[in-house]
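Chain nomenclature is as follows: A, B, C, D, E and F, assigned in order of appearance, with residue numbering initiated at 1 for each chain independently.
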Amino acid sequence: MLSIAIAIAFAMMTLAQLLNLYRLFKGPSLPDRILALDTMYINSIALFVLLGIFFDTTTYFEAALIVAVMGFISTVATSKYLMRGDIVE
Amino acid sequence: MNHWIVLPLLLPMLVGSIIILGVNKDIAWHRTLGLANTIIVALIAGYLVYLSATGPIQVYVLGDWSPPFGIVMVLDQLSAMMVFITSLLAVFCLIYATRGADKLGKNFHALFQFQLLGINGAFLTGDMFNLFVFFEIMLLASYGLVLHGGGVKRTKAGLHYVILNLVGSSVFLVGVGIIYGTLGTLNMADLAVRISMASPDDAALLQAGGLIFFAVFALKAALLPLYFWLPNTYGFTSAPVAALFAVMTKVGVYVILRVYTLIFGEHAGVAANVLHPWLLPIALVTLVAGAIGVAASRDLGRTIAYLVIVSVGTLLAVIGTFSVDAIASALVYMPHTTFITAAMFLIADMIRQQRLDAGSTLTPDLPVKQHRLLGLLFFTGAVAIAGLPPLSGFTAKVMMLMGVQESSSVAWIWGLVLVSGLMGLIALGRAGSIVFWKTLPLDDSGKGAYEKKPHESAPAFSLSYAFPAIALIAISPMLVIFGGPLTEFAHQAAAQIKDPVQYVTAVLGSDISALLNETEGGR
Amino acid sequence: MLIVEIIVSFFLLLGAFFALAGSIGLYRLKDFFTRLHGPTKATTLGVGSMAVASAIYFSFHLEGISLHEVLITFFLFVTAPISAHFLAKAARHQRIHEDKGHPDSD
Amino acid sequence: MSLPLIPLLPLLGALIPSLFRSRNLNAASAGAIAGLSLVLLLMQAPAVFGGEMPLESWSWIPAIGLNFAFRVSGFGFLFAFLILAIGLLIILYARYYIAAEDPMGRFYTYLLLFMGSMLGIVLSENLILLMMFWELTSISSFLLIGFWSYRTDAREGARMALVITGGGGLAMLAGFILLGNIVGSFELTDVLASKDVLHAHALYPLTLVLILLGAFTKSAQFPFQFWLPHAMAAPTPVSAYLHSATMVKAGVFLLALLFPVLSGSALWFYIVTPVGLITLMFAAYMAVFKDDLKGLLAYSTVSHLGLITLLLGLGSPLAAFTAVFHILNHATFKAGLFMLAGIIDHETGTRDMKRLSGLWKYMPITATLTMLGCAAMAGVPLFNGFLSKEMFLAEALEPNLFGSFSWVVPLGATLAAIFAVAYSIRMVHDVFFKEEATDLPKKPHEPPHGMRLPAEILMSLCIIVGLFPALIAGPIVNVAAGSILGDALPYYTISIWHGFNMALALSIIALIGGAIFYMQKSRIFDSHVWFSRYCDGKAHFEAFVAALVRWSRALTTRMENGSLQRYIALLVGSVLVLGTAPFIGSSSPFLGNVAMTQVDPVTLVMGLILIACTVATVVTHRNRILAVIMLGTVGLMVSLAFIRFSAPDLALTQISVEVVTIILLMMALHLLPRATPVESTPTRRWRDLGLAVLAGVGTTALMMAVLTRPYETISNYFLEQSVPGGGGTNVVNVILVDFRGFDTLGEIVVLVIAGLAIYALLHNFELKAPKVDALGRLWTSDRFPLILASITRPLLPLALLFSAYIFLRGHNEPGGGFIAGLITATVLILQYVASGIVWTRPRLNFDNHIVMAWGIIIAVLTGLGSWVVGYPFLTSTFEYFTLPLIGKFELASAIAFDLGVFLAVVGSVMLVLVKLGSMNSPDAATVSPTAQAEKEEAKKGAH
Amino acid sequence: MELLVSLCLGVMMACGVYLALRGRTFPVVVGLTLIGYTVNMFLFVSGRLHTNLPAVISPERLNYADPLPQALVLTAIVIGFGMIAFVVVLALRAKGELGSDHVDGEKEEVR
Amino acid sequence: MLQGNRWLPHPLMTLTLIVLWLLLMNTISFGHIFLGAMLGIAIPWFTNKFWPERPCISKPMLMARFFLGTFLYDVVVANVNVVRLILQPDIGKLRPDFFEVPLDAQDELVISILASVISLTPGTVSSEISADRSTLIVHGLDVPDKEEAVRNIKTRYEAPLKEMFSC
């Protein structure tokens, strides 16, 4: 039963990624695209988590956490670029 | 385990870092540390040459992980010689840099130590991926040094140099991927053993891997059509850096020599002698192109830069015949051309400084202030470069001409080496004539023309300022006077290179190298 | 063990549903500021819930409890509003709300 | 050791004359050195005349057959004697000739260099050694000819001489190597004895031609004759020396030296004879029309060299004998004549025969001496020149030369003799007779006696030899010729009178014909002008060099157009060619036989997303920030791929590096144009696209080729040894910090260098940032939004804890010093983003330089620790300890090593980002510790 | 799977090369970054594709992915990062010195 | 509540770090408590300058009730709500708009937490804090009544937050 749930979840997250990709490409504004990228980061965490359960391993935990941290920093920096141009000032 | 072998790497690494610690300290502090260490490294390198000449190939097993699993440094005669050339050259370049060039920007001395580390590492390492790492150390340090001081021309040339080499580094990794993906190892000796036993099915793939490496090495060595970055990079960077870089192209030459004798050499089974059809023609064309560039040059710095290309073309054309005699002769030519081109970069710099506005461009201008000193140095250097006696260029050239006699392309090599020598002679004669003789105000009649005055504000150099150039030039007659031992050393080194079994035995032990012998005998 | 599987499956599917809904919002909604709501809330909760599913799963599948996945959830909840705030600020700076559907500004 | 000293004394002592200021000391020291050499030479005379050949030899560079070996053959003795004796006279003469303003010391230095080189040529026993001296004469003569370097003609003459003779030298070098190889030795003694071996060898023709090229260029034989007249731009002592006894004679010396081994073939005859003959006639003809005294003498010299060459070409022993004799005679009169020409120039201020005339009245002694010399040159009986010339004519009349064309040689010889008489008459008549010159630059008078003395000595010799040839010249010529010809030395006594014969008749015809020709000269003169101009090789040479330079420049600028795009395209193209070539026509299959694995839908979609984003990066690349965002997506997908294919460490690294890169790119983008303009032509874009697609196809193909093949890797060792040997379960990390720790050490060095180099690049550098964003709006005034600052500050300790976790776990689980370092650096940078440099810098009050340097130092010291206990650098150790309460834990040296990695990463990343950030933040400069230190330094400097 | 990965790498390489051949420093840097990703993947994949076999030793497992290429790629990623960082800053310096962000420092600047 | 000193500047943070460490490590062995304590002491010591002010939590119980009760409940409801809005067939019916919330709170941390909480709960994203920190500009996904929304935020979130952080 769990494996079915995982399969469905995988399918849903893959679909989510495709939708994010649509927004990434479609835009139309830069914040839209950054938002799409940010969402892709977060959805990737979901994929890592799924993979971990699927393979029955916790080895991917660090990766998931790092993706969370780095996705956040990346979004903040990009937004600041849009607002100020200067990221580190 | 002979710890001396890794000292030419560890000392620059450590001292370079210590220099960084004193980032806000007085420049004198940086200079003292840097110079003292460079001299020590040169002395150690000298000892390593002695060691290599008097004993078998030595292996330093880093981390005590027996090869092929760990990384090894391998000291054979070739690597010892190259490390010594580099370290000795570095001493003189650094002394010259301390006359002021090191103050043009930040962090010169630390970068210089890391440069030394990178080059020495590339020579000593016995591991293909570690070679990549040292290439990158060497390159990144060189980027820093090339751009040291800044300026429009330097920056543009540097940009080209950097980007091209970045692409080159990527290609290197593709090469590593291919050979690792087929042979499953990285240690050069182990690669040699495994490639000799590779399946015929893998022939083309392995050959492609081998040749893709060549593209990278050719870029480093500056072979046609991949040398176009060199004239501006060398011509426009600061003199001590350009002088040190005289050995950088030789890293490319060294690696070609190493990889295509050890791994893709005669015993390499399905990938044997993969470079043979390519190297000689490419090198010869490079030689010609370099000579044309020398003739075309309007600037002394660039003239010398093209001479670097000529020397690479010559070296690789000779090496391209892959015979012991030829390789030996190339190894005799190697120190000569490195030291002399380095000296010429320094001399050109002194000339440039004394000609003020005209700089190193080849147009008539007021005489240089110290025409006697600089004239003598330039003239001696030119004689050496042009391969005229009694300096080392001549003995090296003779040995090369003799060394390639067995080659089927001997006529091409002889002809082009000799003609390019003549073109160098014409160009250097022209350059020297313009700089030292055709001085303003132009005057065809008057006696007393020796009274012509140089720029008043031109700097005058003390002998100690000129010392590095003088010392480098003085190496040339030394190479002739001690030509007997030198050529003997080169011959042994060449024999060692052409017999990879020695190398493989030293690294992997005789059990495995026996495999190599077997496969060789089997073919 | 079945009950664990059911709980895990539930959290996984619920999480995936929310996360997908967030992305659907991103896909469907008409202007940037409305689109911002989906990923900020739904996706955060969704992925957070999947992390919780993982925590539950591994707490029962390995020796000892495994709660570190909860950290992911925690981190997402702390950072998602900041990201959203920043993006909104950037969008307001670009005055996307004034002329709707502004094309790429750069 | 006395033999080598003969050439070495002048060479090593060459600098001595330059040490003195006094002109007399200049000359005296030069003379002393040459004199000493002469004494040493004469000490060999008894042996040489006793029929021995002194020989001293030391091995030098066996690899190139080079021995430090000298010999004094009779022929060498003759030459060495001429070089030293005439050299001494030249030294004396130059003392008066060289003007006070000219650097006399330097002149003597060059002269001694040249003298030593010449002596080396004639005394060498070893061919390679000979070659060294040979090229040395080219070099030293270059310096001598260019002595008056401010004159264009001197510079050009010198360069031309260098290039022609130097170039010929290269050919000769090749010839020598062939010769030595065929013979099996480079020792002259062996070579000279190997005629049969050489002639039988297939490479004999090539060897001969190459050696002849060297000899002909040096001796100014047709068609290389043109450099010599232009070498007359040298001071006259130089001309007198180089073009009488020495430099140009080196060529004929060599021909004579190798005569025994090279000659005796049809090829030798058919090359050497015509060349000599043409040179002889052509140069003699040209000499008649030269207005410049030295020009006349120069062409005369060329002509006489042609004569000697012709004699050697004829190949008979007697001809060779005559050649040797003529070498001696020509040296004597020609050196004297050059000196006299110099005296005339020196005392009148001109050498132009159109201006000079009627000097007899002012310089009778000089005139007399000149007449004696010219008589010898013209071959008037009772002078030495007559003797050898008559013998030459006799040889020329030998039948069987050229078969039915046997008349050619005597005819040519006679014509040349006629011209010789004519120019000799002209030199005397035009200068000393005719009406008195009126517009001379100086008032003419006799020179100081010291200047005339050398000429007097030489002219006396001309007469004495002419009168008593057998007595004075006989022995030395016999010895000299004997050393060449050996047993073949003809029994021949030199004498004035050989009775009436054909040769004498020709001599007489020449004398009369020459006189007539001189009288008719003006008639031919006009027609000669174009000929003279056309035949001056100098113009051709200069044009050739200019064309060479022009052509080289055109080619170079076409190849190196300074376009990086082209260079990259070439690099990519080269890789493509090299990578493809082995597959063409190869019998090995392209793909291996390992089956591919199944694709799952999730991976497939992610792969397609990766492809889509990659393509989008290109499509959007003109809008730069957009391309950066697309690139970020690619990076994310790559890290997903790493996770998918079991490489968590790589995913961690990739994603961290990715984000830092994106930040860096945006920081740069702030200071760069935000859009990329359309510049390249469609053709160019198609070309690039083609290249790109090929590169892509190549990558795919190679990857497929690798992936479908089986392979055996050494990695099992790492998997087996990781826990027992390396003390860690994360094999990737154990490889990094242990098995291949040296790579990692190198890797952090790269990072540190990057930090250093970037810092240096940004130091004292500013770039204006735009005041408005891409839409033309002012930037938000809220520099540091509240919510970010107040949340990230409490988050910082948590993030650091996380990085400590990643660091400590690294050895056993994905993580390690590098990733921990990146996390630390990014969260610290986040503080900068949130709160600004002014706020953050004082709170992180350490210099990042020092952090990263300690990183390397700690790593290296950790590695060095193993030395102490006798293990190689970087040998790791680990131990499990059990402490009460705390329990079992592991201490590994690899952790210390990883700490070094951590510090290096933190330091370098921070250094780069903060330096880049502060570049355009004026208030940032106030808080940088480095800036403060610099300020203090500046203050110190001000005091 | 192998084909998919190879195709991805091919596209990445093609796009990277195309961008590296552009005339302005910024797209070139982006191109070099792409090429960097590609070759890192290439080297990694040369150790073959492994599913769920991370090279972390644990008693339950028998098989592991090839850890060596992973370690190499980790090093390569770091080095590549250093290089890219340098070239980015160099691009800035070049813009400042040459007055244009063209790789040859020639063309008029277009905003 | 917990007062720091020179050696332990942030006792609460130290505690948090120890707990986090154990969470990360997934164990509660004494060795890890020890290690966590060492890190928990060392890290605040290093980062003290970044966050010298100790948040003063006057009412920890209220805080717990707020975050585990009101907030968590609202998050779930918010999500269901948002998902419903997103997935409704006619998204044209949405009435998105900006509205301004006047702020009583002045503490930076409180404002930040308020802004975050707003973003995570029903249909609102805080998108700008005015320069004088007097108003918070919020975007609502579906705002039929602005005043109602403002009132809701102020009473449901701002008031308790102010209260729990007021010393």
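The rule is short, and it goes like this: a residue touches a chain if its C-beta (ideal position, glycine included) is under 8 Å from a C-beta of that chain, and two chains touch if they have at least 3 such contacts.
As the structure is a prediction and not an experimental result, all values here were calculated from the model.
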* To do: Any chance you could name the chains that touch chain A and chain F both?
  => C, D
* Structure fact -> In contact with chain D as well as chain E, sorted by label, we have A, B
* Asked: Could you give the fewest steps needed to travel from chain E to chain F through chains in contact?
  -> 2
* To do: Find the chain most remote from chain D, comparing centres computed as mean CA coordinates.
  => F
* Any idea whether A-E or B-D has more C-beta pairs in contact? -> B-D
* Structure fact -> Per-chain C-alpha mean nearest global C-alpha mean belongs to chain B
* Whole-Å gap between the CA centroids of chain C and chain D -> 69
* **Centre-of-Cα separation between chain F and chain D, whole angstrom** => 74
* CA centre of chain A versus CA centre of chain C: separation in Å? -> 9
* Asked: Between chain B and chain C, what is the gap in Å from one C-alpha centre to the other?
  -> 57
* Asked: Residues of chain B touching 2+ other chains?
  -> 129, 133, 136, 140, 143, 147, 150, 159-160, 163, 167, 171, 174, 177-178, 180-181, 186
* Junction residues of chain F - those touching two or more other chains -> 20, 24-25, 115-116, 126
* Structure fact -> Residues of chain E that touch two or more other chains sit at 20, 25, 28, 38, 40, 42, 45-48, 52, 54, 56, 68, 72, 75, 79-80, 82-84, 86, 90-91, 93, 103-104
* State which pairs of chains touch, listing all of them. => A-C, A-D, A-E, B-D, B-E, C-D, C-F, D-E, D-F
* Asked: Which residues of chain D touch chain E in their complex?
  -> 562-565, 568-569, 572, 596-599, 603-604, 607, 610-611, 614-615, 617-618, 621, 624, 627-628, 631, 634-635, 638, 641-642, 644-650, 653-654, 657, 660-661, 664-665, 668-669, 671-677, 679-680, 688-689, 691-693, 695-704, 706-708, 711, 713-715, 718-719, 722-723, 729-732, 735-736, 739-740, 743-744, 746-748, 750-751, 753-754, 757-758, 761-762, 765-767, 812-814, 818, 905, 908, 912, 916
* Asked: Taking the complex as given, what residues does chain F use to touch chain D?
  -> 10, 13, 16-17, 20-21, 24-25, 29-31, 34-35, 39-40, 43-44, 46-47, 49-51, 55, 108-109, 111-112, 115-116, 126, 129, 131, 133
* Residue ranges of chain D touching chain F (in the complex, touch as defined) -> 781-782, 785-787, 789-791, 793-794, 796-798, 800-802, 804-805, 808, 831, 842-843, 883, 885-889
* To do: In the complex, go through chain A and note every residue touching chain D.
  => 10-11, 14, 17-18, 21, 24-25, 30, 33-34, 37, 40-41, 44, 47-48, 51, 59-60, 62-63, 65-67, 69-70, 73-74, 76-78, 80-89
* Using the touch definition up top, name the residues of chain C that touch chain A in the complex. => 2, 5-6, 8-9, 12-13, 15-17, 19-20, 22-24, 26-27, 32, 35-36, 39, 43-44, 46-47, 50-51, 53-54, 57-58, 61-62, 66, 68-69, 71-72, 75-76, 79-80, 82-83, 86-91, 93-94, 96, 101-106
